[in-house]
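Note that the chains are named A, B and C in the order they appear, and that numbering of residues resets to 1 at the start of each chain.
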Amino acid sequence: MDHPDTASTSGIVLEGVRKEFPGGVVAVRDISLEVQPGELVVLVGPSGCGKSTTLRMVAGLEAVTAGEVRIAGRVVTGLPPRHRDIAMIFQNYALYAHMTVRANMGFGLKMAGTPKRETRARVDQAADILGITDLLDRKPRQLSGGQRQRVAMGRAIVREPAAFLMDEPLSNLDAKLRVEMRAEILNVHRRIGAPTLYVTHDQTEAMTMGDRVAILRDGALEQIGTPLELYERPGTVFVAGFIGSPAMNLLPVTLERSGDGWYASVGGSRVLIPPRARAALRPFAGHEVLLGLRPEDFVSTENMRDGEHGVIQVTTARAESLGSELVVYFSINGAAASRPLTARLDRRTAVREGTSTRIGVDLERLYFFDPESGAAIR
Amino acid sequence: MTHSSAARLLRTVAIAATILWSLAPIGLGVATSLSTQADVQAVPARWLPGHATLDPYRSLLGGTSGSHAGGTVSESGAFAHAMWNSASITLMSTLAILCVAISAGYASARLRFPGCGALFRAIVATTVVPVFTVVIALFQLMADAHLIDHKLGLVLVFVSTTTPLAMWLVHNHVKELPAEPEEAALIDGCTRWQAFRHVVVPQMRSGIAALSALVVLSVWGEFLIPLLLTSTSAGKPVTVLIPEYVGKYTTNYPLLAAAGILALLPPAIVALVLNRHVRGMLSGSS
Amino acid sequence: MGSDILTREVHPGGAPSGPRRPVDLAAREATRAGMLMMAPAVVTTATLVIYPLVRGFQTSLESGDAAVGGQPHFVGLRNYGEVLGSSTARDATVHTLSYVALAVTLELALGLIVAVALHRTFRGRGIVLAILILPCALPSVVSGVLWRRVFDPDSGLLNSVLEQLHILSQPQVWLAGRGWALAFITLVHVWGVLPLVSLILIAGLQSIPEEVYSASAVDGATPLRQFRHITLPLLRPSIAVTLTVGTVWATKIFDEIYVLNGTALNTRSILMEVYNTTFVNADFAHGTALAFMLTAVTALFAAVYAVTFRRSTT
């Protein structure tokens, strides 16, 4: 397969892609993104956000209402799937139940008229890579979930496609198998080398597998970037709350000036706002903004350091020990309604439920959001 | 429902009664078909023949003498020919109906093209039109096309009467099947036709078996339509021939019974072999 | 590459994108395939159902001159009027209504018994169900043939058994009268239809979750009360289907009547009357009129059932 190497013409390109269903429901609104050759981009979002519909439009299984889709430089919008040179893995494996594994894997080549000998060779090779050579003569119903997914991947490898699409391939597998198959999928992706678009609802999967992650909400692209970018610099409240588990604490706080310093009042406590952030926050002085605090950015009383950490008075509600760390649920003292706060603390921290204590939050890790638009204040 | 022993006894009785009620008439028919006229006309009537004899079958199939009905002699080989007619008409009709219904049912379920919903509903709606309402005009149509007493005429009529229901059954069955293998086939290089042929039809295997069984039973048992559309023994299926053995005054019961037993063998065998599929379709079509 | 919201990643050398509404070749292919696949069904239905239906209706509105070689002319609803006035048609209607009432009642009663007995698993259930289906699989002409010997006045088994039990003193011609003739023909019909009805009711019974019975048993319900207050209400959809199917099939009784009693007036159903009028008397005009009236009545029944049971069908 010859792919042109210019970055501008290879890969998967979506431009202004829109999907409207009869009756007026807009499932996908003007999404534009580009998957570079060799890159794996994850489409992630809550159910109903349009990620599967988008993937299916790239595959040709769903008609595009407006916009353009290009694969390896060719405009493929409106073309039937077989003309797009793609391979796809489905959540339910979608194997041909009446055919053997070998026939499943060779089906695409057979349709393309490939000579039998070559088909056989390529199927054998793919089976070898995936470790399913001894399954070649079995039927899908005799295989486990993990094995079926491997056969599905084998079907894709054999085709040597220009683009690789995956629709929640791990969702039907149990947790342990999922971790193993993640590595398998990444191997296959690297082996094929084709640009890959991967859909999932699981943010952990997105963060661990994607070179870049695109977060979708209500049919629109909320933010796209590397996992680290999304974690460190979420552009909206939605992204901030979506990435990271347990989710970021989002507290409505009022900004006050007191003397030389700016403070965010968190319940009865005041947290000093670093000077860097002041400029962006100036328009919001005296108003309420959303303060985002990640659970992992808290420290217990013992580990607090003056000037590095802001102090918040809290009462311990409940603590869950995961062995490796403690997840502690606090309520903020002095807050109008009982505001919960989740923190991940060192496993040796002493906690007593029902007692009042102080926790520190890393002042370098304060996130601010406009409560009306949801946009990050930077 | 409690499982008391009284309940269980009642249930056993009900099951036995069901078996008896279902098989008794058939058993009676078999017994009669192995009797002589004397056995049948004896007073009091004898359920079982004194000595079982295969004469009724011999005269039926041998077809030379063997008087029946109002005394006319059965044409030689007429019964065997009628069985052959039934078999070939049933086979041709079943194949035709399967082709038409499977492709139409699939198309309406998966290939949503503009207008297919309306067409589908219109065709299925004709299920409620009773056959006899169209049969008169149909008769004239067939007569003009010289298809009376011609097997093709019967096949065409059976196709038109059975297709709406068959298509509806296929449509529902296809809707239950997972769509992803078909999509995978499209991605793997298939046109719509190829995906249909290589993936969807094999997926439908059990549904097709059930449908075939139902169609075979339905076509083989048809009476009114062939009664009207056939005139000579050249074209008559066995269902039309048998009532001719019923005489106005006397009836040769052993012969009649033998004819009935032979005529019920093919559908009975189909029903027994494919009974699970038939059951599924019968209860599914409600 | 920033990570700002709603990044529009347009590739360098950004030419404007293609046409606003892309030409959908995939959809076109699906449409073409779909139309070709539906065509045979559409053609056969149009030519062999719709056309004759329309033509038949036209015939019912014309005089019957064609039968005697004249030119038929339009007479409007005169044929319908004449048919309504005909005594044979009226009798046939009464007979058909009797058939329907009797058949549906028997089917429902017997069907429920069979369904209750057979819906749970037991050893040999598969075989019993296979046997159950047999009467339905046979041509109804053959059913008539099998039962005929039972009712024959001279050599019939019913007569002989009843005489032996001294219930009768002389053989009865069962199929000559009114009541018994209709009853026995209905019996033969029910014999053939019961398997289907039983299967429908079995499916309905199997859809009732076990927990409902367990919960009621805890509340102290006896089997009889369970049946009345749980089973029957939850079976309403299946019973509705049974009534509809049973009615439609009972109005179409023909083969059994033909084999057992021919076109005799005392057992004639409307369909038999249509047959007689059209093909024995060669009166196409009146025959079609009657046929359309029967169709209307059947449709009415089905509609009544549908409306009555609409609430219970999900």
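Just so it is clear, contacts are C-beta pairs under 8 Å (C-beta built on N, C-alpha and C of every residue); 3 or more make two chains touch, one makes a residue touch a chain.
Remember, it's a predicted structure, so these values are computed and weren't measured experimentally.
Student: In terms of C-beta pairs in contact, which of A-C and B-C ranks higher?
Tutor: Ranking A-C and B-C by C-beta contacts puts B-C first.
Student: Please indicate which chain is farthest from chain C, where distance is taken between mean Cα coordinates of the chains.
Tutor: A
Student: Taking each chain's centre as its mean C-alpha position, how far apart are chain A and chain C in Å?
Tutor: 56
Student: Where the CA atoms of chain B average out and where those of chain C average out, how many Å apart are those spots?
Tutor: 15
Student: Give me the residues of chain C that touch two or more other chains.
Tutor: 27, 29
Student: Pull out every residue in chain A that's touching 2 or more other chains.
Tutor: Answer for chain A, listing residues that touch two or more other chains: 60, 80-81.
Student: Pull out every residue in chain B that's touching 2 or more other chains.
Tutor: Expected reply: 191.
Student: Can you check the complex and tell me which residues of chain C touch chain A?
Tutor: 1-13, 17-18, 20-27, 29
Student: Given the complex with chain A, which residues does chain B contribute to the contact?
Tutor: 178, 180-181, 183-191, 194, 198-199, 202-203, 205
Student: Applying the document's contact rule, which stretches of chain A touch chain C when the two form their complex?
Tutor: Checking each residue of chain A against chain C gives 7-9, 13, 15-16, 32-34, 60, 63-68, 75, 77-81, 220-226, 229-230, 233, 235-236, 375.
Student: Residue numbers of chain B touching chain C in their complex, please.
Tutor: 1-2, 7, 10-11, 14-15, 18-19, 21-23, 25-26, 28-29, 32, 40-45, 47, 99-101, 103-104, 106-108, 111-114, 116, 119-120, 122-123, 126, 128-130, 132-138, 140-141, 156-157, 159-161, 163-164, 167, 191-193, 196, 217, 220-224, 228, 239, 242-243, 246, 250-251, 253, 256-257, 259-260, 263-264, 267-268, 270-272, 275-276, 278-279, 282-284, 286
Student: Which bits of chain C are touching chain B when the two form their complex?
Tutor: Per the stated touch rule, the residues are 27, 29-31, 33-35, 37-38, 40-42, 44-45, 47-53, 55-56, 59, 113-114, 116-118, 122, 126, 128-150, 152, 154-157, 159-160, 163-164, 191, 195-196, 199-200, 202-203, 213, 217, 223, 226-227, 238, 241, 245, 251-252, 254-255, 258-259, 262, 271, 274-275, 278-279, 284, 287-288, 291-292, 294-295, 298-299, 302.
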